[in-house]
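Next up is a structure, given as structure tokens.
Each chain gets a letter, A, B, C and D, in the order it is written, and its residues are counted from 1.
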Amino acid sequence: MKKAILIIQCPDQKGIVAEVSRFLFTYQGNILEVDQHVDEEMGRFFMRASWELDSFALREDEISPRFQEEVAGRFGMEFSLHFNFPKPKMAIFVSKLSHCLFDILGRHHSGQLEVDIPLVISNHEDLRDVVLAFGIPFHHIPVTAQNKGEAENLQLELLEKHQVDFVVLARYMQILSRRFIQSFPNRIINIHHSFLPAFVGARPYHAAYERGVKIIGATAHYVTEELDAGPIIEQEVARVRHHNTVSELVQIGQDVEKVTLSKAIKYHLDRKVLPFRNKTIIFY
Amino acid sequence: MKKAILIIQCPDQKGIVAEVSRFLFTYQGNILEVDQHVDEEMGRFFMRASWELDSFALREDEISPRFQEEVAGRFGMEFSLHFNFPKPKMAIFVSKLSHCLFDILGRHHSGQLEVDIPLVISNHEDLRDVVLAFGIPFHHIPVTAQNKGEAENLQLELLEKHQVDFVVLARYMQILSRRFIQSFPNRIINIHHSFLPAFVGARPYHAAYERGVKIIGATAHYVTEELDAGPIIEQEVARVRHHNTVSELVQIGQDVEKVTLSKAIKYHLDRKVLPFRNKTIIFY
Amino acid sequence: MKKAILIIQCPDQKGIVAEVSRFLFTYQGNILEVDQHVDEEMGRFFMRASWELDSFALREDEISPRFQEEVAGRFGMEFSLHFNFPKPKMAIFVSKLSHCLFDILGRHHSGQLEVDIPLVISNHEDLRDVVLAFGIPFHHIPVTAQNKGEAENLQLELLEKHQVDFVVLARYMQILSRRFIQSFPNRIINIHHSFLPAFVGARPYHAAYERGVKIIGATAHYVTEELDAGPIIEQEVARVRHHNTVSELVQIGQDVEKVTLSKAIKYHLDRKVLPFRNKTIIFY
Amino acid sequence: MKKAILIIQCPDQKGIVAEVSRFLFTYQGNILEVDQHVDEEMGRFFMRASWELDSFALREDEISPRFQEEVAGRFGMEFSLHFNFPKPKMAIFVSKLSHCLFDILGRHHSGQLEVDIPLVISNHEDLRDVVLAFGIPFHHIPVTAQNKGEAENLQLELLEKHQVDFVVLARYMQILSRRFIQSFPNRIINIHHSFLPAFVGARPYHAAYERGVKIIGATAHYVTEELDAGPIIEQEVARVRHHNTVSELVQIGQDVEKVTLSKAIKYHLDRKVLPFRNKTIIFY
């Protein structure tokens, strides 16, 4: 089924739901989902509405201007319109650890993710074979302290060439530059291997072991310039015990990481994530 | 804040959200929450909307007839209108086990539950003292095979006298008659001490022990005439291990029971539970 | 590190731990793990002990007879001795659904599972390519009502030829014959896509949807002749909501299935599962 | 059943389990539980063993000296011996929030906790009535910046007078002095209302709200001089969503707090917590 998704935010005021739903009804849209949220503190209204396109009276390219004219302008809305076709394009960045990559490729192979994966980029050669086995092009771009800027140029060229919509860092162990992050605002999803804000930075499983926590976790978040501080999309946890070594924490944690990252990708693909300030509204 | 809550269901069709939200806007209702669900299989639409009453242009007693006339009739809606005042009245039935009762009374005492508790009814004397300490009247109505009908008469009289809106069975170990159940349709909440539909009936912890399950649970549901088969409101689980005895399962399970029952009560009080056929839609 | 693992069960009596640990100390075994459990009801004692072999004074083939003579005979023990080398051999049976298979192959590829996988057997061709990409032989053995016995003969021949220690049914959608099951007692691990004993049999996600449960689950268990009734090794759950369709339950459930099955495989490989009657003791 | 519990730690070396279990067997102890743990990194051995006293050949006061002479001295063990009688004495400190207090009193009332509660101490009057209803003495000791030392003197006198074994801070909103903490080393259990080490300090629910986490938690820990940094005994978590206000986080969190604190009390009472450096070994 072809569907459209409308994401709206604006200052909170009366009549928004009425006007948006009237607009969709006027052009014979069959509403599939409506979700709304009011941030009382900020006085801000958020909405996500999806509807079937088949019976809709407006052409795809007519919807945005008409909505701007009839509704959005009056309420001071920021809005974006999305369709569930063609499939978005996702690039995966990975280093040597395979668990998140395999999880994503397995889901993609079984048809669970409505996404195209035009390429995987890695700073190591290790995972080339399996990526190719899944029929996906693999690009090895080594990164060193010396060539970092140049490597990012190559990465950005590839992303542009393949018209990539968003990037998933599936345990990619390099810090991205400000320039790279600004090229994909709220469109780079990272998986951090701790329950943020606990254990920011490197070696969180070692830190968790040292502190003697009874539960570990993983956090999928959008990448912003401040390390590990971007808007959180999803978090999951798992119980650990005193006898678990650091390497057992790593193994237990990897299961959490891959499930958390895949959920975040799914929410992002379904346009269910609305970032606002440094938080996210998730209409799942 | 005084608020109104509208619960709607009807055959799915275009324009429902538009018309309901237009109605609320027309009379200057500031919408607080809108949730909707379409059961695709049944072609049925469900909606819950809440709004502030302070600025609303209709008197409380005008809302229902006006909504019927302007909206509901046209769409073939079944609807109910609720206010968050006065507080609903909840009766608690209990036998000898105290964990669910204490949990509810503790929450009530700390102001967490927006409900009046005019009475606790028990078929045993054991819990009288603590109930009275919380300042709530306690009625002891013994139940035997012989006096069952008579006991229910006494119970129903008390419920009527105190204008009780709904009944919570906080580990009340008697099976209610058909007549009693029909007096409170979808208004009797029971906590069953297993993860239904596993271990229906008596002694579920013994059955769980025998089967060697690794997780146990509890189920809060509305009581219907078929035992342990009513619409499920909430379920929770906890992990157990091979070394847990039956009495340890009971202890672990009691923590799950009390949390599950209290969540169900909260959803019911907030009018977030929409029973349909033998299932529930929960707009939390 | 080379290590030995001793699994013991016998009638409960005084002095067992003392004698077993004295035996290991006498021959200079450095104990790594000791776990014991007493089933009070049955009066039965269970123990698992592991120790380093490097400094051990007995040759590998001397340990069992010496232990029998010095300890086991006196206490009426049933025991088995295992080493963490060579790696056990595991066969995977699969049909068309790939999520559990990929999860296992991914873990194996990253070195997380100490096991050899000499072959994957499937009644369909669908998953051949990816299995081969992971470097593992794939055998297609179609199964129909007519050829079932013959197909099992082929399967058993392959398992024997490859000296397979245990079989994992990674969503293999065929019921095994009594003969097959008896060839691998407590050595066939199945993943059932429900929280057993709820929703035994086919189409558990449909049944869960119909019942309106709020939590779904998966169960890894040893296969016995009674369908879905064998000793449970591990169970996991996930929360679902009223708006989840059956196919969403399937997706959510698949994540639970793969994690649950992989945990069960891990426990089995580490000799941490002691089946007794129709239950398991898990020393994790 | 009368039982003894022996807690041991010492440098890791061969023969410890053998000697300890031989000792118990020599005097006809029927072992109920044995748990051991080796911290590989520190080369340190930990053990907990419990046995029935009825048939034991040593008098209670003979056990420690005999064990010191026959076993402990040789291995350089630190050990402590405990009995499950008489019941330990626990004091509860509380301020105004009742949820943890009620939870503990409810469990105590139903016989779930093997402990005496000689007194509740509060810096406020609010909870006096319910504490008295449970039949437990209530002491109001106001605490201000000025009288803090004096108030602690009163508290310590009461604890001494009632021979209190350990103290539970059930949301007691005062920071204890160094002197107080040193009087009860690893015998003061606090519940912190966040998933430590995230959100150390005051107002953790506000901080969690600001950061936009998807899961909140609670941490029970022994109190040490560094705030919120003592050995963690237990942690639990709960999922939250974007629409949850701070006060909803508080409510959701309170359920987590009370369950976490009660588990920690249970482990402590059962002598299952072995603090070591700034972590705990929990033999549950």
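Heads up, the rule we're going with is that contacts are C-beta pairs under 8 Å (C-beta built on N, C-alpha and C of every residue); 3 or more make two chains touch, one makes a residue touch a chain.
Not measured: the values here are computed from a predicted model.
For the interfaces A-D and B-D, the C-beta contact count is higher for A-D. Set against the Cα centre of subunit A, the chain with the most distant centre is D. For this pair, subunit B with subunit D, the centres built from the Cα atoms lie 36 Å apart.
With centres taken as mean Cα positions, subunit D sits 42 Å from subunit A. Of all residues in subunit A, none touches 2 or more other chains. Remark: subunit B residues 14-15, 17-18, 21-22, 24-25, 28-36, 38 touch subunit A in the complex.
Taken in their complex, subunit D has these residues touching subunit B: 97-99, 102-103, 105-107, 109-110, 112, 129-130, 132-134, 251, 254-255, 259, 262.
The touching residues of subunit C, when paired with subunit B in their complex, are 37, 40, 195-199, 211-215, 217, 231-237, 241-243, 245, 278-282.
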